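Here chain A shows up in two complexes: once beside chain B, once beside chain C.
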Partner chain A sequence: MRVKVGIPRGMFYHDYYLLWKRFFDNLEVEVVMSPKTNRDILNTGVQACVDEACLPVKVFHGHVDYLKDKVDYIFIPKFISLYRGEYCCPKHLGLPDMVRHSIDGLPQIIDTEVNLRKSNRRLKKAVLETGRYFTNNPRKILKAFDEAYDKYKQYVRLMWQGVIPIDLVGFYDSQHLKTNENKNSYKKRILLLGHSYNVYDEYINMNLANKLKNRNIKVITTEMIDEEIARYYALKLPKRMFWTHGQRIVGGAFSLIEKKAIDGVIYLSAFGCGLDSVLMDLVERKAKENQIPYTLLTIDEHTGEAGLNTRIEAFIDMLEWRDGDETNFPTHG
Partner chain B sequence: MKLTFPHMGNVYIAGKAFFEELGQQVIIPPRCSSKTLEMGTKHAPETICLPLKIMIGNFIESIEKGADTILLTGSCGPCRFGYYSILEKNVLNDLGYDIDFVVLDPLREGLKPLRDNVYKLFKAKNFMDVIIAGKIGWQLIKKADYLIQLSNIKRAYAIDSYEVDSIIDDYYRKVEKTFGQKAMMNLMDETMEKLNRVKIKKDYQPIKIGLIGEIYTVIEPFVNLEIERKLGHMGVLVEKSLTPTIWVEHHVKSYPFGSKTERQKYRLAKPYLKTLVGGHGRETVGSALYYKDRGFDGVIQLLPLNCMPEIVAKSILSTVSRDFDFPIMTLILDEMTGEAGYLTRLEAFVDLLRRKKEEVRYG
Partner chain C sequence: MAKYYMGIDVGSVSTNIVLMDDNNNIHYKKYLRTQGKPIEVLKKGIGEIEDKFDKLEVLGVGVTGSGRYLANIIVGADIVKNEITAHAVAGLNVIPDVRTIIEIGGQDSKIILIRDKIVTDFAMNTVCAAGTGSFLDRQAIRLGVDISDFGKLALQSKNSVRIAGRCAVFAESDMIHKQQLGHKQSDIAKGLCEALVRNYLNNVGKGKEILPPVLFQGGVAANIGIRQAFKEALGMEVHVPENYDVMGAIGAAILAKEEVKKTGRTNFKGTSLHKMDYQVNGFECNGCSNLCEVIEIKEDGKLLARYGDKCGKWSNIINDRDFKLA
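On to the complex of A and B.
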């Protein structure tokens, strides 16, 4: 019987799922994923986790709880830093420890430490450490990773060309996806800001992206903005942004706002998110300066869908009213 | 340059004397009050953590008193404190205040900005001046902290614990009128003598509680609703895991190795939390074990609502508590905290510890 590794569908799953899956496939390890977030997962997560944590962390606990009896290992890497001199959110730093102390009866957790704060060489160490659980052949591990990384890079590049990641996860082999959709078919372009684990989890954000798409709106997410460009714009901040995701979110938002390439910004934030409390203030100020409409949607385990719908509708109505305003020129042709 | 800095417990006492000694004009914000908090909450971003809100209140109050330069220590992640200076600048600009920020960022962000800022603040011309000035500051911080710790001990043992309060209140009042390092040192000596004259109970064995958690909430009495006094009046001996002395010793004096006790705390935390989680998350876990080893009866974790590192620590502390049968209570503080509910929880916790101690003693 092959060894089974569980990957919880939460937190960085949405960023790195393809990389992880491919890597484990190459090592001939069976990957078991938890299903998409649903009510049961949310409820078990809320019960297991400390009350003060943010929604995505609670949901993540639920996913781990779902997987714990079904697999031999659970893969929860410890992301400390993804870029030189930068950090991830403190909750990522302590995620495996939080899970370990909140849920009983867990299988072995693979909590490889990814710390690229000082140098990128740590990545190789982290990869080897993960692979060691399954094979003793370092060459095989590195080869498996390199191949997976190439595929992952392709996916990232595809996103930068404007493919909505929600369409893409799971279909990455069929690369004939239309990258240049007919721009005129969209009425408005909205930047949906927020962390990947809020934006792409359809259950906790109540299908926000699809709701926008159904109203004929082009949705742009943080992941669709070229990282280099985002980093360039993040340099305009008066102080170096020390969170990698802060760089992406603030830089990405700044680039589109300054180019006036969007009609509005929706910031999707989980209640109690520490990074967002800083980032959204910075983005809101920038949007105000450039007269781009901005709204904030906060989600937690109690959010009612009707209220969210009303707010989205009101925001879109407001965008459409602006068209009638003489001083408001269309932003893109 | 009229210098001001935010309140954090008794730091202002050392800070005031230190900068006055160096010839700077210092304006201390009025002690934190509900007015401070109200102003802060009104102007600060809504979802930010409590310390920023209070700092904004402090700044506005000192600017009204005439300050034009704000001194702040910086950091560069992963806790959001590192971005405080930028957010605060934005808020104050919105309010129409034109003010300078001097932020002391850690050394790895570059030597030059740090050196320039230190030279500017310390009015120093070379490195020797900085060291001499630093020594004076260090003495002041140590003494001010020792005084507070002494008052905590005396309060637990005193026959009339309110006598200690009146001595300390008197001291705070005099501080505002004292100028320079020498006078401040004398004032502290006098207060210490007074404290030592307080009559104490004989053969009394107090309950011992360690205060752990986020540094600002542990140190600033307004934010933690005077927890040291409240516990002291219940006859409890309180010790704080973080004080300005401990901070300076760890981050400045023993740079870059860190102080001995803090390293010991890392070691103790290791079976539970191997890596850093930002802020003082790892120290919190270590401190709980540190106090357990020193024979304390329990610890109380303090954190502002939504403090990211402390939330991680909290989920781990529940295991620590279970593993060693060691009582740990968490109190979360924000602008909505009600004093009555808070006091009830403290009383309940102290009762629990007393009973536990009696059970051990009498079976």
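On to the complex of A and C.
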């Protein structure tokens, strides 16, 4: 029987799933994923996790709990740094430790440390460390990773060309997968900003992307912006942004706002997110300078959708009103 | 025969109904406490209208508020609009060159910025309801003061007490400590008004350019203590419209008027709908691990609507059936 590795469908899953899956496939390891977030997962997560954590971390705990009896290992890498001189969110730094502390009866956790703060060479070390759980052949491990990384890079480049990220594909019809789509078929283009684990988890964000799509709105996410471009625009900050995801979110937003390539910005943030508290303010100021409408949606454990729907509707109404679309609104005072 | 447009705002705390003529004059308004029973309250309100007007033609109906979808199912509305748009439309009707609308309701607080008669920016409170009407309600109970006397009490104070306003729970403990120190009740009431206004301006109003004329609407505008605190904090006149408590409903009525002018007909089911029997049933769907809470509404035994499921398994059935019936 093949060894089974569980990948919880939370946090960086949304960024690196393709890479991880391919890597483990190449090593002939069976990958078991937890299902999409559902109420059971949310409930177990909230119960297991420490109270102060943000919603996506709680949800992640739920995914781990789902997997714990079904696999031999659970893959929870410890992401410390993804870029020279930068850091990840402290919650990523401590994720495997938090999980271990809060959930009993876990199988072995593969908590490879990914720390590229000083040098990219550490990546090779992390890859080898992960692969050693399954084979003693370092060449095989590196080959498995290189092939997976190539595939992953292809996917990332496709997103930069405007292909909707795979986690969003379910929301879109197949025609939206084409890169050379007709821009005029959309009423508005909205940049949906936020961390991947909030933007792509349709349960915790109450299907936000789909709701926008149903209103004939083209959704652009952070992952669809070329990282080099985002980094270039992030340099315009008076101080260097030392969070990698901050670079992407703020830089990506700045690029589209300055080019006026979007009609509005929706920032989706989990209640209590420390990074977002800084990032959303930077984006809001830039949006205001350029007269691009901006709104903030905060998510927590709420499952009532009325509040979110009202905010989306009002935001889109405003975008249309600003167009001077007088057929929809009274022209008199 | 009186011909009116009806506007309905089903909010978390109050349900408001207005009747408006073609010139946007309000002929009837009703402010009812929702008390978590939106359907009952809606029926009651419409029943009262039927009793009051023997001959009434409703030309169109607009619904707004967090219960707008439910209200639409019950009454058959011509337009379903969010509260921001409804409040902006109503505010523009009162002061055509209004530039800022402050709206504080039971669970929501909003700021709407209008420039050249167009909504250019808005903000709402986030997931937390601190700094809204519910906050004042709670603290009035804690002080043992009726909420309708709260504002008057605050005005008597010459020396307000500073109270933490970020969170209703923080405010409560801070207030108790101040009470124990022996501060006057009126000073504490004024302190609470200032705390609410400070909280509003720092959260909802953060970074927003508040320019006159300023309209203050929503249920909390009844509180003269809060009005005064806004005036002092902003250093400008704060106008409270005559129908401040039903502005959402007025906006909905105006939007309905526009809509009906376009479509030429109304979907309204008639005022007799209050005699119908509505049953609401909730159940948990076990079809998958989402365990959605599905709600179904029946009108005299006939299924009217079903919603709450993520996959559409339940809500789609009814659409199919309606299609066949039609």
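As a convention for this text, the second predicted complex is superposed on the first by the 311 of 333 C-alpha atoms of A that agree within 3 Å, B and C clash if a C-alpha of one lies under 4 Å from a C-alpha of the other, contacts with A are read in each partner's own complex, and residues count from 1 in each chain.
Basically, a residue touches a chain if its C-beta (ideal position, glycine included) is under 8 Å from a C-beta of that chain, and two chains touch if they have at least 3 such contacts.
Since the structure is predicted, the reported quantities are computational estimates derived from the model, not experimental observations.
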Practice task
May I ask you to decide whether A:K236 touches chain B, chain C, both, or neither, giving the answer as first, second, both or neither?
Solution key: neither
Practice task
Could you look at A:V278 and tell me whether it touches chain B, chain C, both or neither (first, second, both, neither)?
Solution key: first
Exercise for the section: In the overlay, answer first, second, both or neither for which of chain B and chain C A:T310 touches. Expected result: second
Practice task
Check whether A:K70 is in contact with chain B, with chain C, with both or with neither, and answer first, second, both or neither.
Solution key: neither
Practice task
Applying the touch criterion given at the start, work out whether A:N207 contacts chain B, chain C, both or neither, answering first, second, both or neither.
Solution key: second
Exercise for the section: Indicate the residue numbers of chain A shared between its chain B interface and its chain C interface, in ascending order. Expected result: 271, 285, 298
Problem - chain C - residues contacting chain A, complex - result: 66-67, 81-85, 89, 92-93, 95-97, 117-124, 126-127, 207, 254-255, 258, 262, 288-291, 293, 310
Practice task
Write out the stretch or stretches of chain A touching chain B in their complex.
Solution key: 49-50, 52-53, 78, 80, 85-91, 93-94, 97-98, 101-102, 113, 115, 237-243, 269, 271-278, 280-282, 285, 298
Handout entry: Touching residues on chain B, where the partner in the complex is chain A
Key = 45, 47-49, 76-80, 82-83, 85-87, 89-90, 109, 272-279, 281, 305-309, 311-316, 318-319, 332
Fill in the blank from the handout: Within their complex, chain A touches chain C through residues 35, 38-41, 203, 207, 271, 284-285, 288, 293, 295-296, 298-300, 302-303, 306-307, 309-311, 313-315, 317-318, 321-322, 324, 327, 329-330, 332-333
